[in-house]
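The next block holds one structure in the form of structure tokens; read it before the comments.
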């Protein structure tokens, strides 16, 4: 069996400046904090960060913003992190705001091998700028395109050695779809279990999507 | 016009709470809309959907009972009721965008006579992002605005929104501290009026033309 | 709490001749047999049936074919049921063959409120007939449209009184997506449990999608 | 040309089994391709994906150990190995169509010099439907055909397919009882030849032009 377990340092060695990085979580809930801390500490910059939001200055993706690791963010919301707004207004950070449902669907779309999808969300708003409109049966839609990344950093509650993941409560959020949509998928596990430690019927992300597993525990 | 701000807010949430049928799936925005859950009529049981990934949201936990993996869409600790179900963001928005949410209740910066809504940014001042609002307003079966009728004395119900839109022609009902307004093909219809409030007052506080319902009622709040 | 539990007869009373009916299952595995038996027995005909396949003559959707209840089927495969082929060749039954992945995605698409999606599957084959082609970044795709139904008949392993469903092994297949894509959703439960009998974190189809629950047990 | 049908089939599946790397996720079609799993080289562990909804498919159960809720895509009882994962049809085809399957092995009625494949219908004779074949052939990273070189003495590797296509230009490798043929931009390249088989025989049995690899090898089967 291929050994997917690495140290946080080994995992983050795969992230290079300028890469696009998807990061799971919703306002920091379900975000892999250890992986983020290592990214900040190592000083990898010019990242394009894809996530639901920029969380808070001291939490989740927020720490990467405060640490000036991003040149661009693709998110649905930045209101909880004043530093994101400041960097945007100063021209230091490019912010691409995407409706949350469209963001989730675009990530899944990439993971599922689709070329795009049609949605009414955003019609008649600034969201439609630069997008193709397609009419089906008299109803107008925006054509939204897939969104993928070089690396996905996600968080699982239980992860077995094959990379099968079980998430917990609202910490699930964007993690399962990001696991499908990046070239390299790194999961931070609250608990690493043996194969069989998650019932096959209850696996939420099949291990085939996962390249690297790191422990989120403090004792490393 | 009611003087007490507290009473004005109470009027709004009490009246919105009367809009639901037993079994409805409802998404409540952060802030004033959240309070609606406290005023449900007897015998009306609704299921709250939270766009960060579950249905069956319950109230805040007792102090000390917070679970860091269980929050609402504002990152505040909440509880899950019996029969709740957790899911990922894609399923969450499939529920929202697929028309499986019976009603969503949101605040507004501006709304206009066509039911256009602006509630997500003020250019140059406040750009928090739309979060899930655009999806909710387009996807929910019924869009209810819970808002004060005016802001600093200025009308918020306009002929045409001047701020960037959240969605085009999606609002169904506007509930304010002055009345209940339905968005119809004919325009905005004032269906109910707040207690101790005159029709002239409402018309005055509204930029958009109001059609006064023939059977205008007083809000039961 | 709204009472969703009905008898098989009460449930099938909602299905009218000429309706479109989605039926879960893969070659009969995970198909609600009791609901199908009642449909056959009651003689409801002219149905448009949407499912993965037409199973076998004595199993699942196959029984509806043999019983001549369908005027049209929308499926990915009919090879295991010779009667489907015979009716098709005799002009008694319209058969619309759809690639399995496209079929699943079209059903989800309807349930998720999308107007369509772009896929390379079917390009250069008969599947592209009558479909719009859309080019994104130099790559050609077929525009596939959502597929919904009047009624979905699905099967769950455990179902609680709110309609939350837990499926088992490969009996899951099309059931969860069909639950999202029909006006009326009827689930046949191997076991009906009290609310709380399925962990909130392990629910596979949230009860909000389900209108009616029937018992799949023999003692009714 | 090898006489024994059994040996011809063995050659095909043994050779296909050499195509995988440790850890590969593979979807095997019903019939001949299914047998590939029995011939994996030492140290090569692959994960089988079954399009009806799981990865980690194991062999048929002991008699009496069948589970009606656990079958392969042909409705035959199978088992699930440790580390298996079940999912719905939409996830199953997201895995297939999203490029997460390393290789798919299928049979063919016809294949041509451009890598076009026909394997799902014979008009007027056999119309079983495409099932998941079109998705697999378009979505899998590598498409391997496991097929007898000819059918009733007639070539199946053609200049141009005459039957309705399963997919256009998606086949990567053709493994037959006579050799291994790679589909390249230059055309079909015969890379390996079966034991006791002459190049002339292969060329004779193939309608499409064959480029003979300079380093033509004998299949190690």
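Which chain is which? They are A, B, C and D, in the order written, and residues in each are numbered from 1.
The criterion applied here is as follows: contacts are C-beta pairs under 8 Å (C-beta built on N, C-alpha and C of every residue); 3 or more make two chains touch, one makes a residue touch a chain.
All values derive from a computational prediction rather than experimental measurement.
J.: Quick one: which chains contact chain A and chain D both?
T.: A chain counts here if it touches both chain A and chain D, which gives C.
J.: Is the C-beta contact count larger for C-D or for B-C?
T.: More contacting C-beta pairs are found at C-D.
J.: Averaging over Cα atoms per chain, report the distance between chain A and chain B in Å.
T.: 30
J.: Report, in whole Å, the distance between the mean C-alpha point of chain B and the mean C-alpha point of chain C.
T.: 35
J.: I'd like to verify one number: the distance from the centre of chain B to the centre of chain D, where each centre is the average of its C-alpha atoms, in whole angstrom.
T.: Computed value for the inter-centroid distance: 56 Å.
J.: At least two partner chains per residue is the criterion; list those residues in chain C.
T.: 105, 108, 112-114, 119-120, 167-169, 200-201 - these are the residues of chain C that touch more than one other chain.
J.: Residues of chain B that contact two or more other chains, please.
T.: In chain B, 54, 80, 86-87, 93, 96-97, 139 touch at least two other chains.
J.: Where do chains touch, given as pairs?
T.: All chain pairs meeting the touch criterion are A-B, A-C, A-D, B-C, C-D.
J.: Going by the contact rule set out above, which residues of chain C touch chain B in the complex?
T.: Chain C reaches chain B through residues 1-2, 108, 110-114, 160-162, 164, 180, 195-196, 200-201, 203, 206-209.
J.: Quick one: which bits of chain A touch chain C in the complex? Just the residue numbers, please.
T.: It is residues 105, 109, 112-120, 134, 136, 139, 141, 143, 145, 167-169, 200-202 of chain A that touch chain C.
J.: Across the complex, what residues on chain A touch chain B?
T.: Checking each residue of chain A against chain B gives 26-30, 52-53, 75-80, 85, 88, 95, 97, 99-102, 104-105, 107-108, 119-127, 157, 167-177, 204.
J.: Across the complex, what residues on chain B touch chain A?
T.: 50-54, 67-71, 73-75, 80, 86-90, 92-93, 96-97, 116, 126-135, 138-139, 164-169
J.: Within their complex, state which residues of chain B touch chain C.
T.: 22-23, 25, 45, 47, 49, 54-56, 80, 82-87, 91, 93-100, 139
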